[in-house]
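In what follows, subunit A forms one complex with subunit B and a second complex with subunit C.
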Partner chain A sequence: MRKGALLLHVAPTLLFSFLVFFPLYLGFTRLITVAELSPFAAIWQIDSRPSGIGAITFTFIEASISTILTILLGIPIAWTLARDNWPGRIYLRAIFTMPFVMPSIIAAVGFLALIGTDGPLYPLGIDLRQQSGIIGKISDATGWENPGHFIALIAAHIWFNLALTIRFLEPPLSNLNPNIEESIKLLPGGNNIFSRMKNLWLPLLSPNIAAASVMTFIFSFTSFALVRWLTPSSFTLERLMAEHGGAAGIPDYGMGDAQIVLGSATIQLITIMISLILLNWLQKRNGAAMPFALSKGQKRQIPYREMSFASILKTFYFISILIFVLAPLIAVFRSSFRMRVRTGDVGFTQQWTLEGWSSLSTLSWNQTTITEALFNSLGYAALTLLIAVPLGIIFANNIHLSDEIAKIAKTRRKRLFWKYWARGNDFLVMFPLAISAVLIGLGVSLGLLNTWPSLSQRWWFPAIGHILIATPFVVRSILPAIRSLNPDYSKAAALLGLGPIERMFKITLPLLSGPIVVASSLALAISLGEFGATWVVLRNGASSTLPVHIDSLFSKPGFDPLVTPTAMAGASVLMAITLILYVMVEKYRPDGAGGEF
Partner chain B sequence: MLSTPLSGCIEGPWKSEMHRIEKNSGDDTLRILTYDIMALSDEMISAFTNQTGISVEFIRANDAGGVLETAILNKDRPQYDLIIGIDNSFLGDALAFSLFQANDVNVENISLKALSSHDGSYAVPYDMGSICINYDTSYVDGENVTVPMSLWNFTETEWKGKVAVQNPRTSSPGRSFLIATTQYFAEDTDENTDYTDWWAAMSANDVIVSSGWTEAYETHYSGGYGPWMDGYIGDAQAVVSYCHSPGVEAWYGENWTQSAALNLAGASFLQIEYAAIPNGAEDISQAKSFIEYLISPEVNSQMPTQNFMYSVLDGYDLPEENGYRHHSVSPIDTQISSENIEAHIDEWLNNWDAAI
Partner chain C sequence: MSKKVILEIENIRKSYLDNNVLNDYCLKVDEGEIIALLGPSGCGKTTLLRCLCGFEEIDSGHIKLTGKDCANIPPESRNIGMVFQSNTLFPHKNVQGNLLLGISKNKNNTTNERIELASNILGEIGLDGFEKRNVASLSGGEARRVELARTLLSEPKIILLDEPFSALNKDLKNKLIRDTRDLLKIKNITAILVTHDLEEAELFADRIVHMSKQ
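Our next item is the complex of A and B:
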């Protein structure tokens, strides 16, 4: 390997490792110093603090239930999208998977608007917020505190993560060669639905179900914005770390907070590492389940099904999910036109208004208006795009090349080296996504900021978190495309004397233009919607981003009736930009890229 | 390249790096570390710039605690010349960390009440307001539930699960109220109990503990504007807030509110917010001009309507309009120095953790 190529291989890995692990290392050592406890001793402190009581249990329970229900609700959708000839199938899939790119603060305020007294559920007798009516009866009968809040949180987690189940399960279902399915029906091991489930579907789907489950579990486990707004009396470890993170890095001042944060971070890191290892093991164990796939170019014949009870049931299910997916977004938009107005002798009423929209650039909080926060966000997004996309492309290329080198390596040692180099890079680049936004933010704020406080005055500073969180999405969008590139082009170019860098710019990149648009749009959307890391980092200065600013507006005293509609108008703007980016993603998404994001 | 279009003369933080270079060459920009101070409207900042030729740039933190943390982190090499928004529940910590330098701002127009916690030599007060329990008058009807005569009443069954307080570790009103309770139970006639017993009894009575003021007031409290907000729960009929919060409710509600503040001697804490010049600041004279502007009658008299806090100047009360003053309460606040708070706050916080 030439020196230049070697540098291109090693430099991104070193840089990214440094950006991920160095702040975390500094943050942890600082926490240990301030807390005056070891990480494991700190775990026992969590339950002795008022906000921490029950937090560990709550986090595990909500994440497990969210995961199970998301998978159960998602499987029928993936199944039907893959196997039935629905009109507008592509559009339905796009809508069902759209929540995954939506900023979490949008989901939080959207669900709040849905379950509030001005929302559509309340008149139906479903009062998830004040928990009167049936929800109150459930609570009284079972002694379960705040069942309504819990249900709302789980619903929001399902809303967010359905996309994972659909994206992971649809490809193996639609790629299965129908002949196999027909043949197995004739065999004793497949002559009824249960035996087919056991002998065909479970082995076929289990690696992807495992992947979707682990990802959903991790995202629900590390939920912050949704927990903060939907279950005000409950804490995930992520919320504990965020809300106690401010003082936690200051010696002689933040000892109590440092103990809570250190304990939470320790459990969270261990849990996530175990989940990822488990996933790896499950996928390896079941990895050889796809020899039945359709060969390239062979299209699955999707039978048009006659009107039947099953199809009516499916239609009903699809319409319900469609409403479920769109409702929080519509609720946000609607709320931007609602304002409380004083009427009669007692109290207020909600009335229609345009004032929220007209106050977007005048109503200021913390010397920042929504318009200014939007421009800040666009600045960070641009920076994220400029760094995360090239970095992600280089990573994807390196991972692919290492795999290829491993395939042709002559010695076992070389083969193993390149194989693990590829796997290691893949793991490294996914790591920020798995360890949660708040941990990234705490690394940056407790690690870097507390060591070099003047960094907080650098305007680009909060973008570090955005870049770390966006890069995995870029890699996941580019890697499958690079793998499917025909290597002959590159070989031919090499024969014609083009060096690796020239080949990259003249051959590979132009062929990847579609996936690059997808990756760029995703990077922009992730940066614009990023909440947890920015929330933590912005505690000490720099300029507010739009999602954090919307959160601040909702946290601001709302005596002035204008605050809510203005915040909702800001949320609508953020939602609209994300939707435009998502349309770009869907438009340029290559076929069969379902297994990635 | 990325500068944000900001109104007035406030410059966006995008410019901060560029600014530092300019600053060394001696331009007239004052950098202020603060959290949201609504009194500092764009118009007022513009007026300050027009009067003095000094433009203003803000470095923002989340809240009073965030301002203190940022100030501690940047100790001795501050990136700003003025700190606004540290209150007297945090002032002792700030002084213990030697964050501020002495100033010679003339404080003779400032009321004795506003100077009660600190005499102004290191930090100049610019607004204040007492923190106490607010209650829903539609629940406290005088028959089934009467107005509490002591904080102990809140440990009784009619208040079970109906009082919302803020976690003093994450909320500044919560911290202020904890301080009030430590003194209230130390000074009452019962020598066998103290604040830890009361908090433990409150915990047994299912007190609702929230992360911040908004969650307690807007989500849990039934007496304020919460019932008209998304996310309202309404399980609390009493909440820790400002003693003039009912006045602010009335101000926006055309003289209507069903919230009232509990006038209970010694059960409230007078929160005083300060402006101070950090050690190591460069532009002391500019910072001083801004403090003087902040405590000038023209700006400070606007505190009740712009910032929903009391003016610190003698002779300026809340406006009568819309029942603002009528619905506000001025109780006898607990008396405690900021040094005393600093000396004990860790112990109080730990005891509070244990009691809840």
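Our next item is the complex of A and C:
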């Protein structure tokens, strides 16, 4: 391998390893010093703090219930989208998978708007926020504290992660060779629905169901904005880390905080590592299902089913899910036009108004307006785009090349080296996605800022977290496209006299233009919506991003009636930008893409 | 003595949009008879097999199996076996697992008896000792044999073969055609082969039925 090529292989790995592991190392070292405990000893300290009591149990319970319900609700959608010829099927799929790219703060304020007294559920007697009416009665009868908050959190997690079940399950269902299904129907081992389930569907789908479950579990386990706003009286490990992280780096004063953060981070890392190992094992098993797939050029004929009782049930189910997916987004937009006004001495009522929108550039909190926060966000997003996209492309190319070199390596040692180099790079680049955003933020704030305080003066500093979180999405968008590129194109170009750089710019990159647009749109959307890491690093201040600023506005004492409509108007702007980016992703997403983002 | 008619196809029609694929098609097949449907691509051979299985609904006409009209019988209850053009061995099961799917559990047979049945048929198709083999490791010819064995184990009234030999090289194809024919004859199983290869049809079938485009 030539020196230049070798440098292109090694430099991104070293740079990314440095950006991911060095802050984490510094952060953990700092925490261990301040906490005066080992990471494992710190686990036992979590329950000793008032806010930490029950946090471990709550985190595992909410993540498990969210996962089970998301999968159960998602399977019928994936099945129907893959196998029935519905009018507008493509658009329905796009709508159902849209929440996954929405900023978590939008989901949080959307569900807040839905469950508030001005929302559509309150008049139906479902009060999840104040927990009066039927929810209050459930609480009284069962002794369950805050059931409304818990239900809202689970619903929000389902809303967010439904896309994972659809993306993981739809491809194997729609790409299944129809002859396989037909042949099992003709055998005694598949002559009824139960035997087909046992002998075909479960073996085929279980690796994908399990992979979707693991991913949903990780995202529910590490969710922060939703927990912070929807279950204000309950703490997850992620929320504990975020809210105790500010003081955790201060010697003596922050000892208790450091113990909680260290213990939470340790449990979280162990849980995520176990989940990732499980996911890796499942994906290897998933390889066995590949021969099921349709061969190239073969197309699945989707029969148009006539109206029947089953199709009426399906239609009802789809409409319910459609309302569920769209309701929080509509609620955000609607709330931007609603303002609380006083009636009489004690009463309040809600009125329609445009003042929320007209206050976007005037209502200031911590000397920042929504418009200024939006421009900060756009700046970080532009920087993320400039760095994460080229870095992700180089990583994807390196992983693919290493795999190819491993295939033709002449010695076993070389083959193993390149194989594990590819796997190692893949793991490295996915690592920031697996560890939580808050943990990345803590690494940056407790590790880098405590070691080099002057870094906080650099405007670009918060973008480090965004780049780390966006790069995995870029790699996952580009890698399948690079793998499917016909290698003969590059060979033919070489025979025409084009050098490696020319081949890259004239052949490879133009062929990858669709996936690059997808990756760029995702990188922008991820950066614009990033909340956990930025919240920990910035808290508030002049360089606050739009999601963090919306969060701050909601934290503001409620006497100013303009706060909610203005924050909702800001959230609507963020939602609109994300929607445009999502449309770009869907427009340029290669056909049949699934299992990736 | 005339043989018993096992399959009667009476004036069946099948069309896709404006394309008439089968137009008043008729055919009678006797018990134990092996026939070949010979015709060019697009003449409706595969569509006819799919109609026989019940994967496609016919527009009009009748399909009678042992005298009974199959109109409202789903594919899984028709007792018809089929070997497809593409490989349909289930990759998550080994050879034995695939064969066991073909054996009915309704005959009060024990697991050991079913395993023995699977081993016996492997011997009959010349694949002794292949029970634990991964299906991905089988050659094209071996995979075809296992599929045929799996279909035979389900004891169908009639076996449909949709160009199962088309992807094999000539020597292997001829040997497999002869072996398959011998096996079907020994077991007195009725079979319909779809092919566009005259030599294949002549080698395999008792009777050749020509089909042409509508």
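By definition in this document, the second predicted complex is superposed on the first by the 586 of 597 C-alpha atoms of A that agree within 3 Å, B and C clash if a C-alpha of one lies under 4 Å from a C-alpha of the other, contacts with A are read in each partner's own complex, and residues count from 1 in each chain.
To be clear about the criterion, contacts are C-beta pairs under 8 Å (C-beta built on N, C-alpha and C of every residue); 3 or more make two chains touch, one makes a residue touch a chain.
Since the structure is predicted, the reported quantities are computational estimates derived from the model, not experimental observations.
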Clash-or-fit label for the pair subunit B, subunit C on subunit A: fit
First, second, both or neither for A:D118, with subunit B first and subunit C second: first
Contacts of A:N179 with subunit B and subunit C, given as first, second, both or neither: second
Angle at subunit A between subunit B and subunit C, C-alpha centres, nearest 10 degrees: 160
Subunit B versus subunit C as contact partner of A:S335, first or second or both or neither: first
Which of subunit B and subunit C A:G379 touches, first, second, both or neither: first
Contacts of A:L204 with subunit B and subunit C, given as first, second, both or neither: second
Touched partner set for A:L187, first subunit B, second subunit C, both or neither: second
After superposition on chain A, the shortest CA separation from subunit B to subunit C (Å): 50
Residues of subunit A that lie at the interface with subunit B and also at the interface with subunit C: none
In the complex with subunit A, residue positions of subunit B that touch it: 2, 4-7, 10, 12-17, 20, 33-36, 40-42, 58-62, 65-66, 69-70, 72-74, 77, 79, 93, 97, 167, 169-170, 208-215, 217-220, 225, 227-235, 248-249, 251-254, 256, 258, 308, 346, 349-350, 352-354, 356
Contact footprint of subunit A on subunit C as seen in their complex: 53, 55, 74-77, 80-82, 84-88, 90-93, 100-106, 136, 150-151, 154, 156
Parts of subunit A lying in touch with subunit B, wherever the complex brings them together: 48-51, 109, 112-113, 116-119, 129-131, 228-229, 232-233, 243-244, 246-247, 249-250, 253-257, 335, 340, 342, 345-348, 350, 364-369, 371-372, 375-376, 379, 382, 449-450, 453-454, 456-459, 538-544, 552, 554-561, 564
Residue ranges of subunit A in contact with subunit C within the complex: 177, 179-180, 182-192, 199-200, 203-204, 288-292, 295
